[in-house]
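There are two complexes below, and they share subunit A, which is joined by subunit B in the first and by subunit C in the second.
Then we have the complex of A and B:
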């Protein structure tokens, strides 16, 4: 938070202010803001965003955008997992609806130790330069009176398996989100994979 | 703090148009989004064509619900499928398509879209432009040559990078 003005400083008017912010307009973050971003320059097993309470101060929701690919030695799609606040207990549930080019199917998982399918990506054995993408919304994720609900739209199109998926998930814990650990269900993310965290009012 | 979405261009058609192009797109953003709200001359799917590439370079997969069943299709088109629009008088269709990492030159461009032709279906789509070039223009058009009708609004947004 930058000090924008000293027009009401002690120096100018000989009034003693206890706050260096005296005379400045109140800081109000924009309705949406890029909070953090990581673009991988090499292979990496996971990506972590931490201190979310500080990083996202003033925001009600978070959005995570991912563009990913992994280094498995076999072709086919791979789910992206996410664990919050280092909680590895059986406190996560997922539901999803997805299309694979021939039919629409659904799934449900309960008592999971992480969110299992918030995005999806191909591997280095699939079409060169093809990545998967996901947009994940974390709703009311700093409220301590409710579980955190997540929704995601994600997809990938490669010859070995194309998928478009809408998922909803819940972390059955009322703690405010503090850390996000993002990782593929197997292998590691490759260079060029990108993760952007956005605050939403 | 860096604001996320920035409005880059918007147009509301005063007469019908077969296509609308947003050109000279700066590469300074991380993602793009296209929002379309309005109607077309007959029910049809909506495509986004990048950098005027008319080749069959856009594989997609979708899922659709229309009240009587669910459907999923996949094929390769001459533009990224991003939704479907209605022609019924007074019915406004909407879609939002996010074009991820549109200016990156180390990857194909994935577009995630969801929309509704509200008297017909709701649809979600993932498309990939099989090209590593940065996207500098986006043309919205229909699959079968229909036109966007007068009053339809098309908007382009950029999402900043940190």
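Then we have the complex of A and C:
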């Protein structure tokens, strides 16, 4: 069946095209757009965003916003981890600057098998319904001339150890990002945890 | 609130002495830029200077810096655009920086907020939080990013400038 331009066709000048795009204004995605979002309705061991090259086509950078809590049976903060493109080799380094309410500290990890500190969250024995939050930026993550450096500002307030942290990691691989695997360092995410992936032109 | 891409700059094969956003439209409320920069300085780190309007008056900044093993804080004029990787850091690794400049067209001094990280597969790595003030009343029409030691910005470095427009949903009230 011939395809008709939605904008240019009238009863009088019935123009048909072989493409849906012909005659119509080219679609341009917004400069900032939510590409995907997952809100958990039960416990879940991990969350995966995949086919990023397709999902984020036309975008230069990605931002991940997270609100999380896990079901560990103890009180205290728990790190959220990240693996890129299913790479579990020793291809990550990470560093962090954090404050715990009484002091400011810095740490380093080299040749890791994941980004250890993507974000941070409380657990089952902490204040009910308290969640940790993180905003993570991936710049030029589809460029294949450089490694991907990840920047995360994250924090949590719990009685057993509130933390504010600027953490980062480098994934030492020049491949474009295709998959993000997000998981707590122990236990599972609980219902209500939210993961939002945003594209930035 | 909406976010609009103003310009994305990627440094080409020969490298560059600086990155310049020029002729910035005066139609937004705030500015935000992200930068992914590596220089050829022979150290792991290069501080990145921000020069609004290419002014000789630089923003003064108070910073908090984690080094991977210690934390320092000071007041300088050299970290208005955060940090960048230098030549002795892990190859192919570029820093990741976000800079927010509210009310850039105002006729009062401009504040800025920076969070910036420099990764390295070694103990030495940098996490940098900055609060700054450019004590000039001119509206910002350009932003120049340059290394504090004059290191050449390497190919594949990039910077992306966005305009932030304040909005109203028609229901939220401010008092």
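Keep in mind that, in the parts below, the second predicted complex is superposed on the first by the 183 of 201 C-alpha atoms of A that agree within 3 Å, B and C clash if a C-alpha of one lies under 4 Å from a C-alpha of the other, contacts with A are read in each partner's own complex, and residues count from 1 in each chain.
Operating definition for what follows: contacts are C-beta pairs under 8 Å (C-beta built on N, C-alpha and C of every residue); 3 or more make two chains touch, one makes a residue touch a chain.
In this text, all values refer to a predicted model and were calculated from it rather than measured experimentally.
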| item | value |
| --- | --- |
| Overlay on subunit A: subunit C relative to subunit B, clash or fit | clash |
| Which superposed partner A:192 touches (first subunit B, second subunit C, both, neither) | first |
| Touched partner set for A:172, first subunit B, second subunit C, both or neither | second |
| First (subunit B), second (subunit C), both or neither touched by A:93 | second |
| Partner chain(s) touched by A:61 [first = subunit B, second = subunit C, both, neither] | second |
| Touched partner set for A:154, first subunit B, second subunit C, both or neither | first |
| Partner chain(s) touched by A:127 [first = subunit B, second = subunit C, both, neither] | first |
| Touched partner set for A:104, first subunit B, second subunit C, both or neither | both |
| First (subunit B), second (subunit C), both or neither touched by A:37 | first |
| Residues of subunit A that lie at the interface with subunit B and also at the interface with subunit C | 31-32, 97-98, 104, 153, 166 |
| Subunit A partner contacts - residues on subunit C that touch it in the complex | 2-5, 8, 34-36, 38, 64-71, 90, 92-98, 115-129, 155-156, 158, 160, 162 |
| Residue ranges of subunit A in contact with subunit B within the complex | 29-37, 65, 67, 69, 97-104, 127, 129-135, 153-158, 162-164, 166, 191-192, 194, 196, 198 |
| Interfacial residue positions of subunit B with respect to subunit A in the complex | 1-5, 30-31, 59-65, 70-74, 98, 100-101, 104, 106-108, 110, 112, 114, 124-128, 130, 132, 159-162 |
| Residue numbers on subunit A that touch subunit C, as the complex places them | 31-32, 60-61, 93-98, 104-108, 110-111, 137, 139-140, 143, 145-147, 149-151, 153, 166-170, 172, 174, 200-201 |
